[in-house]
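Structures are listed in the sections that come next.
Note that subunit A is present in both complexes that follow, paired respectively with subunit B and with subunit C.
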Partner chain A sequence: MKNEKVPSEKGFFAWLAKVLGHEKWNSVTVPIFTIILTLIVSSIFLLILGKNPLTAFYSFLAGNGFAAKASYGAGNGMLSDFFAFLNIMAPMLLAALAFIFAYRCGLFNIGIAGQMLMSGFMATILVGYNKALPAAVAKPLVIIVGLVVGGLLGAFVGFLKYRFNIHEVVSTIMINYIISFLTGFFINSRYVDSITRSSKICSSAARLTCTKVLIGGYYCNVPLGIVVALIMVFVVKFIFDRTVFGFDLRAVGSNRNAATYAGINVGKSIIMSMMLSGCLAGLAGVTYYLGYTNTIIPKTLAGMGYDAIATALLGNNTPVGAIFASVLITIFQNGANYMSSTLGVAKEIASVITGILLLFSACSGFFRYLSKNKLNRIADEKRALERARKEAESK
Partner chain B sequence: MSYINAMITSGLAFAIPLFIMAVGGIYSEKSGITNLAVEGFQGFGAFCGAVVAVFLGMNTGLSSSAIIYVAMLFSFIGGAIYAIIHALLCIKFRADQVISGVVINILGVALTTFLTTTINTALFGNASNKFTLGVSPRFSVPGISKIPIIGAVFTNIYPFEIIILIIAVYAWYLMYKTKFGMRLRACGENPQAVDAAGGDGAKTRFLAVMSSGGLSGIGGICFAYSLLSQFSPSIYLGYGYLAIAAMIFGNWNIIPTFFVCIFFGIARAGGYQLCLAMGLASIYSDLFLMIPYILTLLLLMFFSKRNHPPKAAGEVYDKGKR
Partner chain C sequence: MNSEYIVEMRNITKSFPGIIANDDVTIQVRKGEVYALLGENGAGKSTLMSMLYGMYEPDRGEIYIRGEKVVFKSPSEAAEKNIGMVHQHFKLVDNYTIGENIVLGIEPMKKKFGIFPYVDMKEANEKIAKLSKDYGLEVNPTDLISDVNVSIKQRVEILKMLYREAEILIFDEPTAILTPQEIEYLLKIMEELKKGGKTIILITHKIEEIRKIADRCAILRRGRLIDILDVKSTSTQEMANLMVGRKVELTTDKQPPKFGKTVLEVEHLSVYDESKVEVVKDVSFKVRAGEVFAIAGVSGNGQVELADAITGLMKAGKGKIILNGKDITNEKIRQRTEDGIAYIPEDRQKYGVLLDFNLRDNLGLRKYYKPPFSQNGILKFSEFESYAVRLIDEYDIRCGQGGLTSLRSMSGGNQQKAIVGREIEEHSPLIIFVQPTRGLDLGAIENIHKEIIAERDKGTAVLLISLELDEVMNLADTIGVIYSGKMLKVADASTLDSQAVGRYMMGVTEA
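Presenting the complex of A and B:
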């Protein structure tokens, strides 16, 4: 008999494999596992820099209104921080949904940043600078402009893919540049604010974030975008889970040839899914440029367009998962300033931690694979033991 | 006339670093690893080169052009080392290759910005996020540079343009004329066949991704020494993505990609010079800078039908798959 170390069904790793490889729960346990790994690795990183990781994580939470800060400015409190957190989370969640929508259909929408910029720009000049409109008209109009502009851009990318076989990654990159230069030109030549060098701010009637609302004695910036984003989560979930159209899209995403064979119109699916992805990106754009920032810096694409890809991935490419993922990523990114001020570490450390988190979540498929392997081995071993015992009994 | 000369000279200075990044992309994709990470590779490579350059500039009496060569070497090494992460994720950890690429880019921006600030604080005491590098000296070939139009190619050349072309020729030779190159290309079409023929698919892919990182790193440091004259987060302008577009436009082959890059460079510089020649305000240059991207989209409409991406690109390599 070979004298090798046999894997046992007890022990830490076997337990871990059971948890991570669980058919029903692995979509929850694996992300939690990656988060724990990230916290461990970034703690080590912070310890090397000579900082207390617990203080750092507490500061991240405090910076987003999940925990109390040491001191607050006049009229500010935990609630103000929490609303500020929601204000930036809304476009992040919408942008992640935009990526998910295209990804489920087998398409990579790298152009979210460009679609956001274009729809934000159009909404700003069409509605944001129109002082005559009352808020009740302006706000829905902003959302409609975002949907239409984003949708048209997305549909154009889908059309190029379907009609001319232009890879969507290339066309969206080109379109990103074109949009960036085009809007940059118009902002610089017509709409620039001579002091800030970015576009003039839009009217508060059109802005999707209500500023300085008094809630519980604190001044808060209440974002309407978060409501839009949460509605969209359920719309996207409904489309994918409950409609024939959503089923077609998913079928095209998992196997294009099989979908064609089954009689699904692949070209239409590609264009539709890019269009709806663009619509969501457009919504992200208006909540970002007419909610969070209220101005557009010319010739700058929002980094959020790319971060959203990672957020979608962390959320397992599911709409509900995206909520949790965007909460987590926003906590790190939005809390960076406060963490930097309490800890005295450059605020870029937050992006590094986000990067590590994404690195591990990119490996989540591997964790599942490993734990399946481990479970299979344990099962094999059990069977072998059983057989050996039966043989011994029969003798 | 001087506008045309300036267009060719500055067009080449832009096209050639872009080209080496595209060659990096080709190496990775031909081996079957989809590479959206060029942007991150070039930034991290440039960061390593810039750190070495700043360090050498402070501690040794090396001349500035000697420092550039050392910096190029280290940006190759740095890019290759950083590419190990992408290779590990895609080959060993079975990650989705597009997603891995995006993650590598995000991590690259974060790491280099953080480290630059930290190093600046430690060395100079101010938390600046850039290393000032200066612009590489240029030279003109005597005699030939006097010929009209063609002479512009030999005027005001950055020395790194020559080095890059030499490296690119070697990269072409390696890919199309050697056993390693043949296996690399086979890995992108059918990695199982490489294993059956006695090669090591995983190892070949690993080396290909590392070379991809190194070559992209060289492109990055050259941009840092020409366009930007510094290393800062502004190096992440999206030229890595542009290189990917050039690669796809060039149908994943080195020689067509070279001409695509030249086209990008000339169109970009041409737009700028056209704006100057027409005597328009500098704001209008933005409109002209759109031209290369619009032209690319239009040209792709005609040429994309024939595109042949490597068959196995984007697939996780599974030894047992038939």
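Presenting the complex of A and C:
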């Protein structure tokens, strides 16, 4: 009989279930749990390779300016590394926000990479190659071009979905290819740098990252994009949590039929959410191609456009969650080089770790389910025991 | 051990967090009888049968099959003891054929040339054909599941059990989704199964079916066994009283109607579905203030499309819809609600509520975009909250955490109360109810019927579309009968009896 078992109310697993199944806190505890799991599993990996996992994790942090490296080149320091980290994190965060914006309305924007490339390309040729523009004009102009180009592409996808019922995943994948080859053609035929074989670099006035700024005696690349990204986090959060427009989008994402019934214009919502998702992807594009780098490699989509999907999922599809997720994923990806040089392992191990992290974060729902189950079982056993005790007393 | 009984469940107790689903329930079923479990939603009928079917284990109590004590750890162990269950929600693979669905999991395997294994569908289909002939379950084994209607899907589920040589058949609310004719057909099948020596346990809250088919009936209320009755010697009213635990009124008291001016006018309305088939054909009628205009009809005769066309969910093909003198035929949905149409849709989870949202947001679904619920596009949740608190109280919506309760966690009856409350609070001149009591228990039905009459007495025009003839007869001031998209008859309710309406529902115009 079940009742004869010792109640499993105490013990590690019961405690874990309580922490992960907590109504209010599971949105925080579950991601932390997945991170801990990732660290444990990747440690095993590193141990098999004969490397000290602690050294590895330390060098990931050091590579991003969160910890001190053993030595620095002239004019470089922790601060330079930290700014380099922010520089790559900014487009990642924006791209993740782009995904979230569409996802909340029930749409899967897989075209972020293409939208990034197109807006980066347009901003480069329209603003980046115009040497006459002063920085105060060029930088805002770059942002505007990013917003407009990304937004138009997104709106086009939304329109195709609304008008012709073409699934956004199909159309965005196809548009990604079109953009990749189209921009590649123009770069190769008109804007190519004959030595690097990529596009000519954009003017530093237009670039959203200020290079070699002297801060505290160190040369740092200061990204303006991170400011834009953090502002966007709160703009997106505000739209979804507090506005009628956000309510409409969430309703459409949750149940299209009920949204129609409530009088929401579903077609307009789809186009608007795809357009704003595109705008955010456009911002990611200009901070990537005219910030993190200053050139475009032809016929190559940024892997970030796809990594952003995973980042968004890791962050539970919430804007604030996306901040933490993009910090974490950027630490692994950006720290890979330094980790690889200090440990002497291939830098692809960083991709393996990111993969493990994503795998576990995809299991979040399952962890929640398991802990809820466990809690229910404990409650069951408790009641059964109590009843048995009462019966014994009455006898 | 007394093995007069094929199934015995003794002193079964099962609890879930916060609720005792079954409390010391004992039932004994004889071989070859139809045994009904009657009770309101949440009375513990399905839980009890889930234990017999091996989905759950009881906390306490024992189960005996043919006098032998059993402990089921899973449904497959129950299946070994020849127990089968037809669930409320079918478990079929849409893009497999009927035959493939039936053999799924126990496929008759053969080897071509002694090496290459393949499923011998020919043999399987022959066996299925024989079974369907024996019990009058007409199916075509080579049809795809996605192409057949719910009634046939249900037959497939029954065949699945028979194919597995089930002797004890559990039906969980089998008629909830069927039309009256399909119900007749199902009851006939059950009769055949009984003749074939099968034992049937029927979970239901419809007393009518029990009267027609069951031998004995156990009544459950709030997890406890209230009584076991012999169906032949018990009156319907008596059963209903035992089921809900107090006297219920099967008919709603109402004053004679006071008709006001015409609120809704539908003129020569035709509606076309996605494949351009005319599903509503040239329908005209009027609904006056203070009137319950009920549209009776068998499911799938265009009534849902008619309601959708009036509310704007579907486009009107031809004709006019006039609300309070204003032509709204081509208005947007939101404009129509503003003009004064409240709508309780048939499929409440698909249309009526946002399951991922909380109760507060769902109650505000008609008002959130305008003051005081929002200003300049910014939502004001304090308004939502106080509005929710008032509606929860007024409409007796049971919810665990007030306005912040997630809709998904609420029972169907309470979801419906929330929808009805929300729509009534619009104080619209016209309210459209489509199947407002579908899947609800007697207590909840009574409640909603009272709300409908109360609205009528306040001078609201009520358009009621229902598949339940009793509901129509009980509430209507005027009855319209719809058959294959046409309004076959419109008459004062007092001039029609249920038999006449039933005839029109079948498309018979001559008495």
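We take it that the second predicted complex is superposed on the first by the 388 of 395 C-alpha atoms of A that agree within 3 Å, B and C clash if a C-alpha of one lies under 4 Å from a C-alpha of the other, contacts with A are read in each partner's own complex, and residues count from 1 in each chain.
Note that in this section contacts are C-beta pairs under 8 Å (C-beta built on N, C-alpha and C of every residue); 3 or more make two chains touch, one makes a residue touch a chain.
Given the structure is predicted, the values throughout are model-derived calculations rather than measurements.
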Touch count on subunit A, higher of subunit B and subunit C: B
For A:L313 in the superposed arrangement: first (subunit B), second (subunit C), both or neither? first
Would you sort A:G344 into first (subunit B), second (subunit C), both or neither based on which partner it touches? neither
Let me test your reading of the model: by the given contact rule, A:V352 touches which partner, first (subunit B), second (subunit C), both or neither? first
When the two structures are overlaid on chain A, which partner does A:P140 contact: first (subunit B), second (subunit C), both, or neither? neither
Subunit B contact footprint on subunit A (complex, rising order): 108, 110, 160, 164-167, 169-171, 173-178, 181-182, 184-185, 188-189, 299, 301, 303, 306-307, 309-310, 313, 346, 348-349, 351-352, 354-356, 358-359, 362-363, 365-366, 369
Going by the contact rule at the top, pick out the subunit C residues touching subunit A in the complex. 15-17, 57, 59-60, 311, 313, 332-337, 343, 345, 350-357, 361, 365-366, 368-369, 374, 377-379
Of all residues in subunit B, which touch subunit A in the complex? 36, 85, 89, 92-96, 98-100, 102-103, 105-107, 109-111, 113-114, 117-118, 121, 127, 129, 238, 241-242, 244-245, 248-249, 283-284, 286-287, 289-290, 293-294, 296-297, 300-301, 304-305, 307, 309
Given the complex with subunit C, which residues does subunit A contribute to the contact? 2, 242-245, 247-248, 250-251, 254-255, 257-265, 376, 379-380, 383-384
